Structure formats: structure tokens, C-alpha cells
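Chain IDs A, B, C and D follow the sequence of writing; residue 1 opens each chain.
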Amino acid sequence: MSTMIAARPAESTAAIVTAGVDVGSSAVKVAVVRTEADGAADVLALCAERIRRRELRKVIREGFDEALRQAAIAPSDLAYVASTGEGELVDFRRGHFYGMTTHARGAKFLMPEAHAVLDIGALHARAMLIDSQSRVLAYRMTSQCASGSGQFLENVARYLGIALEEVGETSCRAKNPQVVSSICAVLAETDVINMVSRGISTSDILKGIHVSMAGRYLKLLRAAGAESPVAITGGLAMDVGLTEALDEQARKEGAEIKVLTHPQSIFAGALGAALWGGFRHRVLARRAEARN
Amino acid sequence: MNGIRVCVGIDLGSTTTKAIVLTEGGALIGKGITNSRSNYDVACEVAREEAFIQARLSLLREALESDPALSHLQKGFLSDLVRNFRMEQHLERLDLLARVLREEAAAPRYRGHKRELDAVLEKIVAVLQERAAVHFGALAVRKSDFFRDLAAADYMSLAEQLGDPKSIAFETLCALFDAAILVVENTPGGSAFAQHIGSALERTLVTAGATLQAFGAKVGRAVEAARDTELVVVRTVGTGYGRQRLPFPKEQIRSEILCHGLGAHAMFPSTRTVLDIGGQDTKAIQVDLQGIVTSFQMNDRCAAGCGRYLGYIADEMNLGLHELGPLAQQSSCRVKINSTCTVFAGAELRERLSLGQNREDILAGLHRAIILRAMSLLARSGGVSNEFTFTGGVARNPAAVAALEELIRENYGERRINISPESIYTGALGAALFARRAERAAA
Amino acid sequence: MSPAKPGALAEVQKERSMELQKEMIGSHYDALSTAPETGRKVVYTFVPGNLTELMRAFDVLPVLPEINALQSGMRNLSGDYITEAEKHGHSEDVCTYVKCDIGMLKKGNIGPTGKKLPKPDLLLLSYTGCFTFMKWFELLREEYDCPVAMLHVPYQSQGVIEPHHRDYVVKQLQTEVIPKLEKVTGLRFDEERLRAKLRLSAQAEDDLVWVLESAKNVPSPIDAYFGGVYYIGPMFSAFRGTAEGVEYYRTLRAEVAERLSAGLGPVVPEGQMERERYRLVIEGPPNWTNFREFWKMFYEEGAVIVASTYTKVGGLYDRGFRHDPKRPLETLAEYCMGCYTNLGLPTRVNLLEKYIRDYRADGFMINSVKSCNSFSVGQLLMLRQLEERTGVPGGFIESDLVDPRYFSAANIKNRIESYLQMIEQKRSAGNPA
Amino acid sequence: MSFLLPALPQTPKPGLGPELGSLIGRAEEIYEDLDLKAVRAWKEEVPGRKAIGHMPIYVPRELIHAAGMLPVGIMGGGDRLEIVRGDAYFQSYICHIPRSTIELALSHRLDPLDGMLFPSVCDVIRNLSGMWMMLFPDRYVRYMDVPQNYDPAAGGRFWRQELSELRKDLTRLADRSIADDALRRSIGLYNEHRRTIRGLYEARSREPWLFPASEMYPVLRAGNILPVEEHTLMLREYMRLAPREQERHEQDQSRVVLVGMFCEQPPLGLLITLERAGCWVVDDDWMLGLRWLTGDVSLDGDPLENLANAFLTQSVSTASKYEPHGHRGQWLVESVRRNRAEGVIFCAASFCDPALLDQPMLVAALDGAGIPHTQFKYSEDTGQFAVIREQAGTFSDSIRLWSEA
């Protein structure tokens, strides 16, 4: 993250501050970004609030307020608030961008060398092929009947009594991963229970899940025609077990896929929204100026 | 010391494990249930132990009833005794939980906030202990029979109050609980009856009136007798989803179809159709007048519309399973719901709530949708031509029952519909009956 | 019954016809893999409604993509092939035979014997009993630069062949199929040659029917489904109208006759089947990815399949149809139109009902495969109807042909076990021990 | 004999001009009428009238019309029908339309139909015809295999013969002969009807904002039930009224062609979602049966011969028809060009074999022509559009947002 803030005097070309609010199914993510007229951008604040069965509007508000506090700005300082994900609930938004649009933008911002994005959230996974301007050229999403998204992993982790943060390392210690066959998350959970009662180690179970998830994601990536390197965004980017499994599976299937992650991957959607917000703000401002 | 020979049926379900204890004469003396899902051996043991507790309580009741001097005080006394016994059990589990929580909190990852964390945990533990008296108060209505549910509900609401993003986050507290409850659930309670009945009796006697205290010694002897009776298991039959995992020889395992058929027949001898909705599968079974299965259909490839679906919904709404049905019944205008995919249940619910639909109406729609799925299975198996029995955990849900009754009436006309509060035990009962039959055939 | 001897006998018997079949298939694939050198023409076509005699009359070599797909399934390759096809944009919802074939093609078109399959000189698209076939060859047409001969075989919804439908098929044979075969091979259509082939077909068909009907005996000397799929192999694929075909069925018949007179049951992978406890009729194709495992679920419980409809998809001979050398094109048309899945549902139910009765079955089972709408749509109604008409209980299982993701062994085993326990329970209630 | 369908009490659609409001109100009433109340009323008006139902896609409605009967297109139960018994007959991996169709029949909603035609679309509809025969043994059922061979001497003769068999059956059912002249008259009416629909499609392609899917779709759907004379009038009225609405103006949305919906119908919510997510539909395959023949059927000579010929030489391309010349997808590329579309959305019913098997070939054709595309699946009773909205939104974004950047 650059700390250099270039000061620009002219009104229409001044730096602006925008916010992106990504309302996911498991967490609300907020990003506050300052952009220069030349497109250089700086992250001022990032904040994630897990929803965990709390009232969504309240969670959104809390996350937003917290982000503003971190950025030390007032709501009136914001030139544009963009929502993404389930954005209807962000009643203070100015515009909305669709999820893949924002994830692509956010991914490219965090990991400029990416040619493809794999966004793995709580309920869906989507693979996108993007170009240098973070335009989504092709994509695939998992359909309904697909376990192996974040929520499933989360349930299993809870069930195994492992904190989400430990899932990755635990999985990496596996010696003999046990593959889960069911496509349905509910039935897969039962498979997991079976494994526990067969005395299979937590590592092997988690790794097995990661391997089968990785297989599914690779399929998704291929279907979207994705090219290496692939940037992972969404909550599961934090999961080293998964990224390792992705690497291994790709190699096993003879695909050369370089997997990129970034500590702020989970904020890709929010960042993308904030950045597109900035873009949109300038387009609108230019239009207004042109009219005057 | 006297012993009783018993046959045991175990239904190892996907969500709950049930056990039934029958005497050789065929009397049902105990039933037990657990929601432990982690380990089939443990689940099996816990359910059986629970059933034994009940069996001993039945023995006690018999003893009290047969003693003319005691029979008049038996009713209120016994329920107080049971309540206190449950409280003792609960407290013991809480102690264990507290111990594990403290151990977990000692993990290196919490080192930075160790002091704050301990303080919060102690606060929570103290409140949980206080709450035990509330849960097991004389008039209390409990949200659930399971320790996990009771403890989790209290714990989470406290965690939300006490959690603070700047020091000990709600998240952290949740993770600690998740880890600890698992250990607790995987630690069988041992011979709980022997452990707790003494203190439960003391508690009961302390609060009881003078008449009862006068009989204290006599009651104590009855309790001891029940405690020391040996329950000799002559045969066990296992069934249910996880039956292949039971450490039993093949001939002691029966398919759940047959067990549900026979169990339902034993409860309601003229039943001809059985619908069982369990945690992750649904079965429609036709039986003849001997309880013999003539045709069946099951839905086991997709968990949509099964009990776990309701479980997810309950979790999502932060409600107990008990509360779901009654809430749905308050609806005045049911929402039409087409998808019953369990995985996406939570998302669907949130989406609908955010569209401003009313919670009760959504719930009513969900219940209807589940039953609609079951209706098609019923139709596949041959329909409802005669007396009908609804079994499995979902039969405990009044909104599901009401939706089923309505749809059966609409599609098959007036039919006698049996629902019993014991319906969740149907499979285990069938298994126990098979055990008893086999035992008699062998004898 | 002396246990040792029949076992040994069975071993020997098994070998003769199976060896023969193995050889036939082996040399067919050899001929295929050397086709580019020998210059023999290769025609891709389908099992149901295949025009083998006509192809043989033109001396072309048939390739049957379905057989390749099922072979890939049995050799655990189908999963990868399907993934490969899905990667190329084929939907997860559609027939996995198609995807398995396309996947195999994309991965180099290596056939079941490990040798590369030659490209087709002609796609002979006879659209019989299943709509997917048409799309399948349209898809293949995109891959190969070769002509397609389209033979539209109308569905016989009433179960009896409509004369003007026969005329339509004959016309297409004359104006579409034969001219294209002539063009590809450079040969003139020789009706006498065709008649000769048809004559051979009819002979082999007699023996096949005899073998399948031997299952009417108690105990049945054959398993008419798991064993049956081997028995129909030559007849449904490249060997109708050939001397090898005739020889194979003669041998097979002799073996079965021997087993029958010895009072023996079927041979299963683990040797002689011990005791026939249940006689079942099966509707629907088997699963190939776990074929052995699936079979075992039946034979280890003593269940023998006495009749099946799957063994009728490539020709329904037990209602009396035989290829008739006297009416060469008409007989081909009638053969195509009479294949099992080309007949209306009521006819299929009647046929199953007859099987249940004639073969004295204790029950019937439907294996509903996800891939195949042609088979599967309506099976739940068939189940109800058959139960009502025969009073025999039906079982229902779901799997897929070659998609390993859809074979859930635990669920299927659970259902089969429950089903057989149910029959057993019924039986023991009927005559208390 | 009056061919107008009696109007049932209806509420005009609010938020529209009064005339358009009442027209759309009527279209919606017919679209939502699962009980075929309108058909019942039509039959009651003149005792002895008969109605013949048919499944998608194409049947020669002219013949039914000429027999004095009402052709009624049945396209499943949409998202309003509660499936109680229908699911009992179909495994989970079969599309939705047969479930809802069976449900409609078993709940007696299809009772006003005196017969049912099942044209060849796929194996599902085909086997459904057999189920019908078993479930409703005393009703007239006919499966109609359409020719996949376009040689007049083969496919033509076959289809001509099938048509004449159908004519025989209908004659028997209607208890009156179908004279060639009557048939020519009916063909004339249908020619006019098809011309009107073509006009509507052209108008929408020019100015899609004037004819939003939420209106156009129910208006077309009314053609399933309305007598052809009346539906032609309705279409004309709609084309006259829709452009007069205020607040219909060009918006910055992308122009797309929708394909894959020829049989099981999408819920209206889905179409509205697509529009809200930034797409204008400029061509589609809704109600393809009504538009099957792309030009006028000749009125001279043998009418059956003419219908058969029209099928061979001037019918639409779609997934369930064999394409003899090996240019699968050519028609789609042409549609994109003709309608100046910027992309194609494949929107097929889940488990729809014809649509999904066809898709890779269409994709190849589009890729060859450099046309962007995306895809998703639905079921007629899909109730959640969040995922579809995301996908369509992103697709539309990618066409619009970036193309200006």
C-alpha cells in the first residue's frame, strides 16, 4: 500500500475518497479508498464484520462506521459509496456494481499480474477470466448443488472444533487425505462424521475437503477459460490449505496454474466497488462539467 | 441384587441417535436420545445410557406405585426428582464445559489477551451456572432437551453482549465454544444415574414438604434399588443411517425401512402407511396388517426438505427447534417457497426477510414446501389408502404435522393420522422388537 | 449337488464363450486400428437400431461410441473424460455417454484396447429410441470433416409398427443411407450380400433368445442382466450377420444348456453362485463404473436377475422379430423401429409385466440412470403400474451409466438391502417357518 | 360462429395508460389462468365445442382450428402452481415441465381439453405421451414425431401422412369433416397471425425499451389460448399502444439475444431480472411454436401438402430439429447481426437435453463470429434470481462499462 499522497489543486481533478461495501452471505466487508485523477489509489481503511446471524442492516452500519473511524473521515467526505453483493440493504449507497465486476477490479488492484480471478465466498465460487483493464471476459459460477464453498468448510471446521484460521495449517499437515464424494454439503457433512468415527485425522479430513474443492474450482476455472496466474479473492483466499491443494491438483492435472493470494483478498469486492465508485464519480463529474 | 434381562434397539440416525429398552416380556421401559453426531460409538453409548436412566426411573416409579404407603406422593415427587436429576446432569456437563473452555483458552494463540479472556469466560461460566436453575425450575419450558442447545443459546447471547472487537471478539468466544462443546459431547457421561441420583434425591427432599421428608428413608431405599438393579442386555439390534458403522455382527443389523415399518405397526397396529422424515432422508413405507413392509420409497440423495433443513433455519433465526413450528403456525398468509435445498436455506431465508416478507409467513411456506416433497414420495410409494403414521424427528414439529394433515386431506380424503410424541423413537422401537423376536426365536 | 465339480465345470464353460467374445472384440479393434493402413472404411453408428448387416454388406467397420463409453466406464476412465467434456462447455445435466465419448475424443481417441481409434469416414446417425443420438452426432460432426447419413426412425408410440413409418424408413435407406455408403466405399449396393448377412443374423438371434429364455427355469442358469450384458455384446455391436456371431451364440447356447441340465445357477465373478434366493426382473441400464460392485450387491444376497429390458435396447427379439432375408430393407426398418426404447411406455409396461409373470419373478427393480431420459422418464409410473398389475413389489434405485459421481454405493446398497429384506420378510410371513 | 374468447373479470394493470393497462391485464389473466377458465367459458358458450391441448413446440394449429376446435398450448405450470403429485412421477434430474403438466392434469385443471397432442421435442415429452395414455386411458392422446429428414419424397411424405392421420382423428373428435377450403381459410388466418408476430419482433428489435419483457411475454403467451383471430388483434393493439406510454425511452442497456427457452418457460421474474440487470432482449425463442413457420404457407393446392412443405423448407432452426447442412448456430449468428445484438444469453431449463446439448455448438458458432455470450439455467418455478442477476449484471457490465472505457 503506497503511503504517498499526491496533492492536486484543481477541483475537478482533485483526489477523491470513496467507499465500497460488499455485503456477502457470511460477512460484510467495507473498504475506503482515496483515488487520484490518474487512477493511483490508496487504501485508507478495510473492515470486515462477520454476520453470524445478526441483523444485517445493523452489521452493515457497524462495519461502515468502523471503516470511517479507521480512515478518520466523516461520511460527508465520501465522494461515492458503492455497494456490491447483496447491495439492496446498503440504503446509503450511491451506486451498485455486480459482484464479478468488483472482484475483478479488486483482484487486479491487489495482484496486478493476475489474468484470472477465483472468488470463493461463503456460498458461491466464481471463476473469471479478466483482461488488463480488469474487464471480465468470461466467467463461470458454481450452481446450486455444490458443496465446497466457504460455508461448508466453516461448518466442518466448527464440527471438528477447529478455528477458521487454523484450517489451512491443519490441512497442510495431512498425510493421507480422504476425499469427500458427496456433492451436497449436507450429505458431505455426514461423510465427514463418518470419517471422524472411523478415526481419520482432522488434517486428513480437511485436506480431503480441500482437494475436492480444488478439483471443482479447477473445473470452474477451465470452463471459464482462465489463464495463469489466478488471483484468489474472497474469504477462502486466506486458507493456505486450499491454495496448496489448488496448486497440487493443478499440477496433478497437468495444468500450470500459478495461484496468487493477498492478505487483503477478502476485501477484493469492497475494494473493487470503491474503485469503480471513483471511476463512476469522475465519469459523472465530467458529464456534469461538460453540460455546464 | 436382582437383574433384568432386556433387549435394546438402537437407531443411529444422521442427526440424532435413539435407543429403546424392552424387557423380555415386551414392556418398553426406557428410551434415550442424543444429538451427539461426532462418533457413532459414543452416540450409541450415550443414547443407551440415557435409555437406561429412563429404565431405572421406570423401575423406581413401579416400586413407588407398588408401595401403598408411597403411591400417593409418587407423581409430583417423581417429576421433581427427574428435574433435579437433569439439573445435576446439566451442572456436571457445565463443569466439564468450563474446564475445557479454560484449557482451550490457555492456547498460545490467545496469549496476548489471556487475562481479559479468562475474565470474560469466568463471567460467562458463572451465568451459565445460574441459568441452570432457571432451565430446570419447576415450571420452566426448555428450548431443547440437549445440553448443546441449551448451553449454546446462553453462551452465544452472552458472547454477543460481552464480546468486544477491540479486545475479546465475539468471534473468538464462538470459536472457543465450538472447540469445547465438541470435547464435551465426545465425553460420555458414564453411569450418570448412579452418579447423580443421590444428590438429586437430596435436592428434592430439601425442597419437599414434610410428608415427603417423613418417607425419606423409604424412598431412598427404592432409589437405591433402582440404581443397583442390573440391566442385562441379551440382544441389541441396530438400524438407521449409520448402522453399518455399528460394532455389531450383520445379523444384528436391520434396514431402517423394516424397523420403521415394524415400529409404527407396534405403536399403531392398524397403520398401513408410514412417513418418516429424519435429519437428512425421508422415507415413505407401506406396511400390511402384520407390520410387514410391502413397498417403500426413500429420498437419500439430496437432503433438501429434511429435518436438517429445519435445523439450519432454526440456527439462522437463532431459535430452538421446538419453537420453529409454533412460530410458523402464527402465519396468516403463507409465502410460496419452491426450493428446499438445505444448503441454501439460510441464504433464501435472508433474501426473503430482506424483501420484507414476514418471518412467520416464510416459515409457514417452508414447512409446506417440506411436506410437499414428502407428499410426492408418499405418492411414489403407493399413496395413503388407509390409516397413516408420521414418524421421525420432524413429526415433533406441529407446523409440519398441520401441513401434512391438510395435504393428506386434500389429496387422499379423510384419513386417520397417527402422530405420537414418541415418533422419533419409531425406528429404535422396531429394532428393539426385532431384537426381541430374534431372542425368542433363539430361545 | 456336489459343490466342487460344478465349480470347476463353470470355470471351463465360462472360458469358452468368453474367450471367443474376447477374441472377436480384439480382432475387431485390431482391424479398426489398422484401418488407416488397410484402407477399410470406418463408420460410426449407435447400438439401438444399428444397421450392422448393411454395413457389413458394404464391408465397412463399425465403431460404436456407446460401447467405447461404457468400456471407459468399466476401466475407470469415464470420470476424466466427462470432466474433459464439461471443461469444453458440455453441461453437467446431459447424457454422460455423450460427454464420455467427447472427452475421449478430446484426449486423443484412444479406444478400449489402448489403440487409437480411426476417424470416421461416415457418421451413420440412426436416431432410434433416443433423441440424444441426434445431438451426439451433430456434435461429432463438428469434430470430423465427414459426411453424415441421417436415418430418422419414428417412435412407435402405440407399440405396433405403422406401415407408413416403415415406408419412411425404407425410403430414407434408399435415398440417404445407401447412397452415402456407396459414395464412401465406392461399392454398389448388393442386395444379395445383404440377404446373406441377414440370414446369419437370424440364426444367431434364435440362439440368443434361447439363452435369455433359459432364465425361465428355476434356478436360472444365467443372470440375464449382469451376465446378459455380456451375452448381448456381439449381437448388439459389430457381429450381427457374421459367421463369428453365429459361432459365438451356438457356443454360448451349448454352455448354458449344459449348466441347465446340471441344475446350476449363474456364474458370477467369484465363481459359481450358491443359491438362488430371489428372482428379479430389472428395468434400465446398469451402472458401468462400479459394475462389479453393483452386481455383487445382488449376488451376495442370492438375487438373480432373470429378465431385463436393457438387453433389448439393441433389438427386441423375444417378441418374435427376426431379421428376414426375404424383405431386406423392410426388415431393417422394422428392426430399428422395434428396439425397446423406441416403443411407447404402455408397451414397455406390458413387456415388463409379461417378464415378471413368465419368469416367475419375486420382484422387479428399476435402475434409473440420470443420463438417459429415454429410459428414465416415466419409470416411476411404470413402477406403480407394475406393482398394481402383478402384486409383486418393485424397488427403485438411482445411479448413472458412466458418471462415477452418481454412484453412491452406500445409498444403493442400503436400498437393495432394504428391498431384499422386505421380500424376505414378506415371504416368511406368507409361510411361517 | 364467434371465435372470441369470453373475457373474465379482470383488473387492468396499474401504472399504465388505461387502454394498455386493460390489454396487459387481459394477457396476464390468461397467462396466470392455470384452470383454463377461459377455455371452459369458451366451450360453455356453444355446447359441443371442443378444445385440443398440445405441448411445445410445434403442432399444426391450423388443423385444429379448421375442425372448429380451440387449440390450447400447454407450457407447464409456471411458478404459481404448487406441485403435490407431479413430483411423484419424475426423478430429480428431469426438467420441470412434465411435473407441472402432470400436476395440472391430475388436479383436473386440464379437464376442458378433449385431447392432447405431444409433438416430438425430446424424450421427456415423448415419454410423457405414453404416461398420458396410461394415466388417462379414455382421453385422446397423440404423439407426433415430426420429420427430421427434409426430402419431400421421404420426410415430406411422412409428415403429409402424419398430418392426414391427425386430420382423420380430429374429424372424428369434432364429428365434422375438415374441408380443404376450411383448412385454407385457417391457414390464411395463421399466416396473418405469424406476420403480425414477426412485425412485433421487428418493432421490438428497433426499440426494445418500448416493449418490455414484462408485457411482451404475457402478450405472446396469450396466443397459447386465444383464438388466432383474437390474438392477432391483441398483438396489433399492443403494438399500437405500447409506444404511446410515457417514460419509455432509450436507456443505456445492452442488447442481447436470449436462447434456450423454447419448451419449459422461464418465470416472468427471470425476464424482468434480466432487464433490470441491464439487458434489453432483442430476440428470443419464446413461443416458438407460434412462429415456427417463417413465411406464409401457400393457399393454393393441397393444404396438407402445403403445410408439410412449409415445415420442410421454411421453419425455424432450433435445438430439437436436425440440421442437415452442418451449420448449427448459423441462424443465431444471423439473428445477432440482424438485431444488432451485443451478446447472447443462453438461458435454458435445467436438465433440458436439447437446449443443453445444442449449446456447445452454438457457443462455437458465436466464438467464431466474435460474439460475447453467457449462460445460466432456470426452472419454471425458480424463485430466486440473485445468482442470475449477478451473472446477467456482470455480463451487461462487461459489454457496457468496459466498452466505453
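Quick notes
Here is the rule we go by: a residue touches a chain if its C-beta (ideal position, glycine included) is under 8 Å from a C-beta of that chain, and two chains touch if they have at least 3 such contacts.
Note that the coordinates shown come from a computational prediction; the quantities given were computed from them, not determined experimentally.
Any chain that touches chain B and also touches chain D is listed here: A, C. Counting C-beta pairs in contact across A-B and across B-C shows that the higher total falls to A-B. Separating the centre of chain A from that of chain D, both taken as means of CA atoms, is a distance of 41 Å. The distance from the centre of chain A to the centre of chain C, with each centre set as the mean of the Cα atoms, comes to 49 Å. Within chain D, residues 88-89, 377, 386 each touch two or more of the remaining chains. In chain B, the residues that touch at least two other chains are 301-302, 339, 347, 351, 380.
Multi-chain contact residues of chain A (touching two or more other chains) are listed as 86.
Under the stated contact rule, the graph of chain-to-chain touches is complete, every pair of chains being in contact. Chain contact summary for the complex, chain D toward chain B: residues 79-80, 82-89, 92, 381-384, 386. Here chain C touches chain B in the complex through residues 380, 383-384, 387, 393-394, 396, 398, 408, 410-411, 414-415, 417-419, 421-422, 425-426, 429, going by the rule given at the top. Across the complex, chain D meets chain A through its residues 277, 374, 377, 386-387, 389-391, 393-394, 397-398, 401-402, 405.
Residues of chain B touching chain C in their complex: 244, 254-258, 288, 290, 292-298, 300-301, 380, 382. On chain D, the positions that touch chain C within their shared complex are 88-91, 93-94, 98, 120, 122-124, 126-131, 133-135, 142-143, 145, 147-149, 151, 153-155, 157-158, 161, 319-320, 322-324, 326, 328, 350-354, 356-361, 363-364, 377.
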